[in-house]
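Before I ask anything, let me first share the structure, which is written out below as structure tokens.
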Amino acid sequence: MLRYIALRAALALAVAFTVSLAAFLLLNVAGDPAQAIAGEDATPDVIEAIRDRYGLDRPLPVRYFDWLGGVLQGDFGTSYYWHKPVAELVADRADETITLALSALSVTIIIALPLGALAALNPNSWIDRFALGVAVSAQAVPNFWLGLIMIILFGVMMPIFPVSGDSTWKHFVLPAFVLGASSVPAVMRLTRTGLIEVMGADYIRTARSKGFRGWPLLRRHAMRNALLPVISVLAVQLGQKFGGSVITESIFAINGLGRLALESILGMDIPTVQMLIFVFAIVFVAMNLLADILNAALDPRIRIG
Amino acid sequence: MQQFRWRHLGAASALALATAISPAFAGPSDDTLRAAMSEEILNLDYNYTTKREYIILAQLTDATLFNIDPETQEVLPSIATSYEFFDETTLDVTLRDDVKFHDGSKLTPADVAYTYNWIKDERSESNAAGVVRRWLDTAEVTGENTLRFHLASVYPLVIRDMAARIMIRKDGTYDAGGEVDRDAMAQDLIATGPYKVASFEPGTELVLERNEDYFGEKPAIGTIVVRNIPDIGTQQAEMMSGGLDWMFKVPLDLAQSLGATPLATHLSGNDLRVGFLVLDSHGYTDPEGPLTNVKVRQAINHALNKPEMAEYLIGGSSEAIHTACHPAQFGCDTSVTDYPYDPEKARALLAEAGYEDGFTLPLWAYRDKAAAEAIAADLTAVGIDVDLRYVKLQSLNQARAAREIPAYFGTWGSGGTADTAAIARIHFDMESDRNMSGDQALADEILSAEQTVDQEERKEIYSSALGKIADEALWAPLFTYSANYLVSPELDFPLDPDGLPRLQNSSWK
Amino acid sequence: MSLLDIQNLDVTLALPNGPLKAVRDVTLTLEPGESLGIVGESGSGKSMTALALMRLLPRSATCEAEALRFDGQELRDLGDPAFARQIAGPRIGMIFQEPMTSLNPVYTIGRQMTEATVARGLLSEAEARRKAIDLLDRVGIPDPEGRMNQFPHQMSGGQRQRVMIAMTLMLDPELLIADEPTTALDVTVQAQILDLLDDLRRERGMGLILISHDLAVVAERTDRVAVMYLGEMVEQGTAQEVLYHPQHDYTKALLAAIPRLDGPARVPAQEAAAPEVEKVISATNLCREFHSRKGLFGPKKTVRALDDVSLELRRGETLAVIGESGSGKSTLARILLGLDLPDAGDVRMLGRPVLDLPGAERASLVQPVFQDPYTSLNPRRRLSEIISRPLVLRGEGDSASRLAAVKDAMEKVRLPGRLIHAYPSQLSGGQRQRVAIARALITEPEALICDEPTSALDVSVQAQILELLDDLRAKMGLTCLIITHDMAVVHEIADRVAVMYQGRVVEEGSASAVLDHPSNDYTARLLAAAPRFGATRDLEVVQ
Amino acid sequence: MSTTDITLTAVEDSETTPLTPGQIFRQRLFGHTGFLIGASIILAIVVVAIFAPLIAPHDPYVQSLSTRMLPPVWSEGGSWEHLLGTDQNGRDYLSRLIYGTRVSITIGIGAATVGLMIGVTLGVMAGYFGGWIDHAISFLLTAQLALPGLLLAMALVFIIGPSIWVVIGIVGVLHWTYYLVVTRAATQRIRNLDFVAAAKASGASSRQIIWHEILPNLASSIIVIFTFELGIAILAESSLSFLGVGIQPPIPSWGLMIAEGKQAMFYRPWLVVLPGICLFLLVIGANLMGDGLRDITSPEGRNE
């Protein structure tokens, strides 16, 4: 067990370093950070001042290895904008993104699982068609467009929910719906096909031959088997959502990692971008690992082999 | 089951839909002005920032030695009561004796001297360093409330810089005990202005309270809350649901539409910012390129329908210009050659220059997409095939520094300084990459205008320089900008001609 | 009064291209304690009849009958919930063909055994658990206590089938239906399960319906036998009547097609195997190990598939390799074909080591024929492309000559010419296996290596393929190595035989010598499990 | 062995040979309502894209600043001259929507193909060879998922310059993972089937096996993914344009139009709603086609 986790941790670090190197190069190619920080009306001398304050005139390899050296001692550098350690910056904003990710995930679960199960239990019925309709249309709605429509509907016409900010839980309802809705199709489809497959399995036929029908049959035999593939997909999606959704967070002015990523990329705040990439890579791999562990916990064939 | 535990946590928050809440009403009821800014406010010390948002906040939190009357451009007393040039390079300033910092401590000449000397000091790396180093030698305390500035050279804009750029800090703020801390005032600012910082959450919200023992005229409104809302759409929603009282940098269409509703009033004041095309007349990108030919540059000027752009795309007080400066700036001579909108003449000029079937022109732009597209369309109409490159500011600056840009749509706000020096120098100085004409004589002439204190002489220099720029059509000046604001109906927000918003002068109706 | 009385049962399946009558007008009766065998090939409707009785038909099937009486009670009057509560489980129990998937993989054996009785409130948790342990012991599961909290995947196929039987008996049914219970098991295990079923029937005075495609196996162990063909009950009678004087032509043909030990002996190709006869393939001291990880986190596990195996295939002979699953016979075949490299030992073809032979040359020496007709042909290619592929790979001849070669090969394997442009999905199992053989022969290889070529086919089709292989061998002087698990097949076609057990060759010799007096007791057990028609049921093992 | 006179092969040679896979595929294709609806939407949009110059009432690039931001004809102030009003630069909104189909369709097909090329090659390589190649490719997969797409887009748009081909390349490079995962699993399954072993035994090289035996069997699942990726690519382009790093003005792209309309969305909601609906229609058409194809090509089919 530990060997497996150690392997995954090594993979996460390897990915994190490679991707952060790629991001470092891409950012420096895409523009001059000093200009971005200085802003629109900066005179050349101001830009020079910023350039030597952050050592941006040093050659790329020197800057990268300097950053790398810091990372090895746990210091991810300070943000060019916020003038405070990047680790602290990411930590403050992590809780908004986690809350958003978890509530978005629960939106997905609340919509996708029952819909998928109902569609599987009575194939070709109107529920099945309706479920397919929801999946196909939810997949076709652009994320940012849904966000704007939500603001128009709930923010202004029927001001039930606040439109921006992240102070109270009410602020998270609309964004959670927008973020959650985007992953409903995949989860619903998986639940549906999973359950159809399980209902056709031999052991279900054995259970029916012992007189089990309807809900007891579903609960005692089908549910756990059908949920196996869904659990791993949900875990992976949670990983992506922890990465924060760039668009949802900026539309709803939620101070999460997604918005931080957008602004630090557009503003060329290199240390923040690299730290974020580090966090995303590790969270992503950790979520895959969690999916494996959950699968092992639920499925003895994997656990005991 | 175990793995569904985190699901219940999320479900609780998503399910509670029912309760309707009334939006928190700002405005006169709690004497709080809620302002929105899309740029993130991260550092309150204007000595270490440059963006426009920080200039606005500095008006509220800081006081400077002098103030410039936006109407008459006349110098008014502020922290300093008077000044006198002992000789061309020595300036004596007397201070008021009743100015207090926000923490109650009394302002002394030593604080002022320290601030100027620190900014000039190598270690400061302050954004204002460039300005101060251009004219200051040293500042020394000469009396109980007087100090003397030794100037390194003759510079006409010393008082103007003192009024706009340098914010006074207590003695030893940045290098207490020898250890340099440039971010000392970034979060908990101690200054002398009409408002003091009540609470500050970087990137989210800044709360300012009226400074009761402010030496000058106390502002009418008790509290100002500045909220960071990146998305303009979201800002609108907050304004409509009463969550905001003041919005600036509002796009014209939005300002007009929301202004028409009873929920908000649209104010449009003028702005020192001007928009222009800079053309690679020197031929950095292509020595024999079309832009090196004056006729082509003149054709470009004729091709652009500037009046329509000003009226429809910028709106408010925006008007077309033909000078490489803002008409309201000192020394900006509007009698220079003008190239009125005349597509036929533009095609004729192109033909004369040997480009009957036109040429492809990569045009870079970083803001005002509608205007950039309008420019591209006007040029295409006369046969110039425009490849519009609409990129982020830092990408444009980097490409310009690498001399890859033949023409770009630039803007300049002169930092609110109503003097042609604030725009001419940076765009025609030989070292600046914004200078695409590479004309040494022109550069020297412009520099000379900043080396004399005699305003009449400066005026003549600028007239001749601007005349040359216009004749050679080094630029294609476009229009002045107009500042569009959206304010709540209960707020009275006076606008100043220099376009700098002064929230401290606002009050409830 | 008969335990079970089915009159004129019809089952129709609604398939995309029109309705199909799977069961036509079947009448069936069973007395209490009596055992009935239903025999038929795939598609004969034997399973459908049982599923109709248990109401387990697929959603798209409809079934009508004049009478469906069980112990005097007309089942059709019962609603689905009532049927589930009263009949399914306590009155009629059923076990299925695939033991590997018939138990729920994520729950322990104990829970699956006890849940039916506890849910119905017949027994308390503790009583049910004790009963389960007794039943597991009765069906021959070692250490039943420990097995209760194990999972299905930790047991062998045979053990799982035993658990299935025990689980069904938990509810003490009066009738037990076994739908091809042993088809997926090894021959030796097969015999034990069938004996167990028979003993339990007598012990509990239970009715038993044993459904199988293997007439010989069923006939030996049931009182009466019914034969089904294309959905109809073509013959019904006591085991003796059906076996020794069958009425219906189909039953006769079926009996003739079954390979059996006491059938006519094979004429050996050439008696004196002269020493200098050329060795087409010779393998010496082959060893091969496979490493697998037990579960995601478990320790590594190594399995010795081949343990110092030496074997020779001489020109013109048919060598049979017999052994059960896990004996390493398939691994041997892949190594001899050059598809897999041994850890130790070497393989030579006509004296030259396989390693130095380039692919194309090796192809002209030896060609494979695999077990499963459904995966041995590329579904996306037409027959002409499949059969001519080896020639294309060798770059031999042009399209015209290749087409001729294909036609010639199709004739050799007796495939109708019009199928030349058909796709595999349009052919039956037997036809596909003929295509595989045609493909193997197109390059006129020295030897054919067939890995259980007929075990996935119906008995009648199997007979044709074996006959075809024998003809080809005679006409083309082909050398064959045939891998099988059925001693009767060895008896019918093999000159020499090698018996493999757990990766080692335990016995080798001429077919007649090994079959008449086996020296190794494992071979003897294999022989005992193979059906003999002559003897009556109480046959002793020849020692 | 005596052969009885009744040749059992009679059962084998029944005259009516069942349908070829191709015929079955076509039969189920035209029977699947979902697929037909989707295909007709896509077809309609492709026709509009091809004949845009004829259909569009005005040239989408011609500006008239004086008549900018006109409302559509049904709300007051609208005119029949510009059915759906005009945009910020006074260009006819309906024409821009119509020309927008060209951008979306080219990007959709282009990006999905780029994704297919990368994803399928890597998937087959990882699936067939396994071993360290498989590990290297899954490392690449994880790294790709961790790198924010926005960053890659911004850098590439700056380096190479903003043309439709660059956007196609970016969206394609960001969306090959779905192909990889599916083809890798399918290749691993097919690699162990007997007909591949038979091909190997007849001397086929790995390349020949992949080309001749494995790829044809992947064709149906690749087509299904392609139709889904079509929708995803179109949405991705619109998101990138929405963030300002996708299609460059003045080319009309629906994502860009939504971004531009966003500012005045409370008073001129049609500037946001109309392109949104077009995007929605196009993508829902692609998804319905994808769903239909998947039901038809999957072995058990949807109706069993």
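By written order: A, B, C and D. Residues from 1 in each chain.
Simple rule for what comes next: a contact is a pair of C-beta atoms (placed from the backbone, for glycine too) under 8 Å apart; a residue touches a chain by one contact, two chains touch by 3 or more.
Small disclaimer: the values here were computed from a predicted structure and weren't measured.
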Target chain C, source chain B, minimum contact steps: 2
Neighbouring chains shared between chain A and chain C, ordered by label: D
Most distant chain from chain A by Cα centroid: C
Interface with the most contact pairs, given as the two chains involved: A-B
Centroid distance [mean C-alpha coordinates] between chain B and chain A, Å: 38
Distance from chain D to chain C - Cα centre to Cα centre, in angstrom: 45
Averaged-CA centre spacing for the pair chain D and chain A, given as whole angstrom: 23
Touching two or more other chains - residues of chain D: 154, 158, 262, 265-266, 303
Shared-contact residues (touching 2 or more other chains) in chain B: 231, 233, 237, 240, 392, 395
Which pairs of chains touch, using the document's own definition: A-B, A-C, A-D, B-D, C-D
Interface residues, chain B side, partner chain A - complex: 2-3, 6-7, 9-11, 13-14, 16-17, 19-21, 23, 40, 42-43, 50-52, 125-127, 129-130, 133, 182-183, 186, 202-204, 227-231, 233-234, 237-238, 240-241, 367, 392-395, 397-398, 401, 411-415, 426, 431-433
Residues on chain D engaged by chain B in the complex (per definition of touch): 61-63, 65-66, 68-69, 88-90, 154, 157-158, 161-162, 244, 248-250, 260, 262-268
Interface residues, chain D side, partner chain A - complex: 34, 139, 142-143, 145-148, 150-152, 154-155, 158-159, 231, 235, 238-239, 242-243, 255, 258, 262, 265-266, 269, 272-273, 276, 279-281, 283-284, 286-288, 291, 302-303
For the chain A and chain D complex, residues of the former touching the latter: 11, 14-16, 18-19, 22-23, 26-27, 29-31, 123-124, 132, 136-137, 139-145, 148-149, 151-152, 156, 240, 243, 246-247, 261-262, 265-266, 273, 276-277, 280-281, 284-285, 288
Chain D-facing residues of chain C, complex: 16-17, 60, 249-250, 252-253, 256-257, 263-264, 334, 337-339, 358-363, 366-368, 370-372, 375-381, 386, 389-390, 393-394, 414, 416, 418-419, 422-423, 425-426, 428, 430-431, 436, 439, 443, 460-461, 463-464, 467, 492
